[in-house]
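For reference, chains read A, B, C, D and E in written order, and residue numbers begin at 1 within each chain.
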Amino acid sequence: MITLDTVTKSYGAFQVLKGCSAEIGRGEVVVVCGPSGSGKSTLIKCINALETFESGQIYVDGMAVRSANTDHSALRAKAGMVFQSFELFSHLSILDNIMLAPRLVQKRGKEELCEHAKMLLRRVGLEQHADKYPIALSGGQQQRAAIARALAMKPDVMLFDEPTSALDPEMVQEVLQVMTELAREGMTMMCVTHEMGFARQVATRILFVDAGEIVDDCPAADFFAGRCSARAQAFLRFEEAHPS
Amino acid sequence: APCPQAVEGLISPPHLVMATNPTLPPLQYVTVDGQIAGMRVELGNEIARRLCLTPVMLSTSFAQLTLGLLEKRWDVINTGMFYTAQRARLMEMIPYEIQAISVSLNDDSALHPARLEDLSGSSIGVEMGGIEEHHAREADQALRNARRPGFDIKTFQNVGIAFAALRARQVTAVFSIDAVARRNALQGGVKPVLKGLYPTPVALALRDPALAQRLADVLEAMREDGTLERLMAPYGVVPFPGRIVVSGPSHPSDMH
Amino acid sequence: MQIWSWHGFFTYLGSPYIFRGALITVYMTAVSMVMGFLLGLLIAVMKRSQRRLLSWPARFYVWFFRGTPLLVQLVVIYTGLPKLDIRLSVLACSIIGLTLNEAAYLAEIIRAGLNAVPTGQIAAARALGLSERQIAWRIAFPQAFRLIIPPLGNSVNGLLKTTSVTSVISMEELMQRSQILVQDQFMVLELFSVAALYYLLMTTAWDFLQRRIEHYAERPYRRQQKTAAVEAIELPATTQDAR
Amino acid sequence: MQIWSWHGFFTYLGSPYIFRGALITVYMTAVSMVMGFLLGLLIAVMKRSQRRLLSWPARFYVWFFRGTPLLVQLVVIYTGLPKLDIRLSVLACSIIGLTLNEAAYLAEIIRAGLNAVPTGQIAAARALGLSERQIAWRIAFPQAFRLIIPPLGNSVNGLLKTTSVTSVISMEELMQRSQILVQDQFMVLELFSVAALYYLLMTTAWDFLQRRIEHYAERPYRRQQKTAAVEAIELPATTQDAR
Amino acid sequence: MITLDTVTKSYGAFQVLKGCSAEIGRGEVVVVCGPSGSGKSTLIKCINALETFESGQIYVDGMAVRSANTDHSALRAKAGMVFQSFELFSHLSILDNIMLAPRLVQKRGKEELCEHAKMLLRRVGLEQHADKYPIALSGGQQQRAAIARALAMKPDVMLFDEPTSALDPEMVQEVLQVMTELAREGMTMMCVTHEMGFARQVATRILFVDAGEIVDDCPAADFFAGRCSARAQAFLRFEEAHPS
């Protein structure tokens, strides 16, 4: 589904990604973790071309990302993205937020789209908030709406960048629940998160990133059973000791 | 009267387009319902009538009068422009009336000037760009050359505000055209104390020499048959004493 | 001469000459505001461009038109263009001058508004596959517009009065007509009070309109207070639940 | 009549009469900007007050002085005040008029700046026991000032040119002096080009100054880029540590 | 040290605090917890008069809060407050942030103050950041600076309102550590927090607030041993099951 092939990226003299390679199969749920500043966000943004990279290649469903004749719109329709700060369009109602991109990018019919949007809102438990504006919703509700918005494009893979870290503790659960359901339904997912509980429940693989390198790429079961690299185990112990 | 042959040099025949800066009641001004009125309008209408043309009177700022003429926005400047040799080098000028300057003071002013020099050291309000300003500056210079205190000249963009300043005692005196001074005296509060200073010919100004010749002929006819005097008398204005001729780039004149 | 004549005041207040002058002022303001906004939008977008070929002319434009007086611009348009054999009416010259001048100020206002749109919103739109053009029209401008309204309102207030500079090329708007009438009866205070009243009427009407526009644009950013109040009252009950 | 005379242009450019006019323009701008700012600050604070007795007069002030033309205000000050036996020089009248007018606009700018200071900063100051006066001077104004600079700069640019309205009461600033000279030789374009050049010089000088002030005020809000770059480069090493 | 006596407060028709009473002795560390919107922040703000209340009374070190002739400045000097969002003064350097209030409110001498401020910065581990502006510091560093700023007034009691909930997971620990030290040194503290680990380590008492009432006020040991009200136990279980 996604192939990362020695992806390298620098900001000026500072190399953020130092040749990252990985292979994510259809239906896999990959959790990316690692210390702050290690390049997790950058890596995930390279996948849907929100960031450029200098060398290496990424394939999404066979489509090369770093290529002059790649249709970025099509690529981004394949890879839905959910941000830490939700970023619902503040001037549009929740329903319009969900319908905007499918209408403009995929030119889908209004009626089918409205049906689809309402189905998605039901799925994330927001059917009665369709006509509200983002500001009227809690953080957790906004994040669930953002997930619905990404799903409306019928993506093949969903990318999450710390989707719960801007939320109040009480709201984290409702978002994780939606994500867990998504994973159980077979969506391919790549998720930067510190939520080890979530990782334990649904991840098939853990990528541990440190200083721009994927220092560990191992099955979730092994990771939690302590059969991965010492560096990753240390990090895991730290996270579990200070669960905040 | 029979109509003469076709008139040459108009910008949009059969209209005689004239421009005025309507800031000189009662000679040229705008009434409260927006009509341009006054002696100059009557004069323009009479000239147009004699040439079988339709008179059109435009209102514009003083600064634009000359430029608009050179740019063919109108045929004639009919605003009581003073004749100067400098202007006659630029445009065709037809002197046809005499205007002079008055000095107005407040009714209760302590000053009783007999001559302009007696106002030495006073502040004088004038409208910008007029011959009044020109003479005020000349007199100021003369005073200074004589080692006396000059005038403190305040240039207003509008003689109305100059008189408002006089009434508010922000200036001691206002230099203005005789007719304007008289009009203000009627309004009360101020009085002309010196009249008839610097009598100067006032002219129509044109761009087209042929048209200028035609207008000069008409005016000369009007002067001869007394129309001009009859038209001007109610306003206390006198016609140009001599023969009315064109003086301009194409009509070098010996009159000055 | 008395200090104040009510008769004069009401005569001028009822004068159709002054009234038509006020209409001309409103007309010039409206037309040059709309055209200035469009031109300003173009210049703002150019100025934000990465390409120097676009951004430098825009910079120069703003520098030049904000740096020189409108009066000079108007005189140059009115007396300079005919030398190139372009002869426009006074009204056309006035509106061109006002538009060019206003566009420079509006460009800066619009640019500030566009800069204030959170980059996250743009990134989210990009991640959804919207084209740059779609992002501009659907996300950036609508969000910037809300931020632009207050300074835009200030500009309208200013422009209503700035139009009177056109009198230099003999445009007879409200202020010029007031000054022309001053010549007749010399009732300076009465006439100018009438003019001030007209201007106050216009700015007050605009303020009212602006508040309506603001109210409309702020709609998405109000926490629907009625519902919120109800929620607040009900909260103690619902917090007992599964939350 | 030729289109353009270089001789005329340079004569006017070197004219001390025009130069002194430019100095007067700068002087009036500077004085009425400073005084208008102080008055505007007072009015902004009054308008934000909870007490109607303070906020309503401030509202009225802004409504009135933004709503009426400066020209009218100047004429009323110049010809109206003497009727109350207050007789001021043309320069004093000009500066008073400009100050009163500008204060209304500046009050709105300052008010917007004060509104933009995060309420959390005020709450934190209060929690530390600072008095309301100390909060205003030590926290609110310094933080608002930074936000105010760009619109303030716009105002200075505008005011430089607005000063020319004072010519209505015979103030001989740059524009008026240019117009007076126009009467003499009718070299409109040459003279106005010189005037425009002076104005461009003034606004450009101000822009330069404004950037310096902005740079200074932004100092606390820059992530000390030099250090940040070093940190970024060192980060991969340090993240290995106890973080 | 602090006495709350049936404190009642409403926003319009909505009663936020419904008669809260409690007694906090010198040197106690009281953790306040409860669901979102229950009135925890409001309660704590009433103590240093950042919020007014309609009836009841609060005494801080014997000083009545709701009284016309209370000197609010003196009251606030007694009760230092730390906010969720730090709220360091953005236009002042860290050192100036710390010195501002003691100088203006307590009129303390510059020299003594500078000494004191530097001591405090050393204590929170920021001595080398004294001259930086807040924006140059990480969230955790900012919060530590905010604690130092509150301590500079030599308060008798410190009030914390969710001091770590706006922080990235990695930065929570450094702030909790400073707070733990403070508690160990005998500072009287009242702290709204979801950090049950912190509560377990240093709290002497837990106040559980729900819907404007202090529904439970019991020693920390009892709370964690499950000897408090069922409502509080349920909340505790929820927090520990989803430690985020």
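Following the convention adopted for this analysis, a residue touches a chain if its C-beta (ideal position, glycine included) is under 8 Å from a C-beta of that chain, and two chains touch if they have at least 3 such contacts.
Here is each chain with its UniProt name: A, E = Amino acid ABC transporter ATP-binding protein; C, D = Amino acid ABC transporter permease.
Computed from a predicted structure; not experimentally measured.
Student: Could you tell me the least number of steps, going only between chains that touch, from chain D to chain E?
Tutor: 1
Student: Could you work out which chain's C-alpha centre is the most distant one from the centre of chain A?
Tutor: Using the mean of the C-alpha atoms as each chain's centre, the farthest one from chain A is B.
Student: Looking at CA centres, what chain is most distant from chain E?
Tutor: The chain farthest from chain E, judged by C-alpha centres, is B.
Student: When the contacting C-beta pairs are counted for A-C and for B-D, which pair yields the higher total?
Tutor: A-C
Student: Can you check how far apart chain B and chain E are, centre to centre, with Cα atoms defining each centre and the answer in Å?
Tutor: 84
Student: Averaging only over C-alpha atoms, locate the centres of chain B and chain C and give their separation in whole Å.
Tutor: 40
Student: Any idea how many Å lie between the Cα centroids of chain C and chain E?
Tutor: Computed value for the inter-centroid distance: 49 Å.
Student: Tell me, which residues of chain B touch at least two other chains?
Tutor: Residues 63, 67, 157-158, 161, 164, 167 of chain B each touch two or more of the other chains.
Student: Where does chain E touch two or more other chains at once, residue-wise?
Tutor: Each of 35-36, 170 in chain E touches at least two other chains.
Student: What positions in chain D touch 2 or more of the other chains?
Tutor: Correct list: 75, 79-80, 83, 188, 243.
Student: Give every residue of chain C touching chain B within the complex, in rising order.
Tutor: Residue positions touching the partner: 1, 11-12, 15-17, 20, 78-79, 82, 87, 167-170, 172, 177, 179-186, 188.
Student: Which chain A residues qualify as touching chain E in the complex?
Tutor: 35-36, 164-165, 168-170, 172-173, 194-195, 197, 239, 242-244
Student: Give the list of chain C residues in touch with chain D in this complex.
Tutor: Against chain D, the touching part of chain C is residues 3, 63-64, 66-72, 75-76, 79-80, 83, 105, 108, 112, 150-151, 154, 157-158, 161, 164, 175, 188-189, 192-193, 195-196, 199-200, 203-204, 207.
Student: Quick one: which bits of chain D touch chain E in the complex? Just the residue numbers, please.
Tutor: Residue positions touching the partner: 118, 120-121, 123-131, 134, 138-139, 142-143, 146, 219-224, 227-228, 243.
Student: Chain C touches which residues of chain B in the complex?
Tutor: 22-25, 29-34, 59-61, 63-64, 67-68, 71-73, 157-161, 163-164, 167, 184, 187-189
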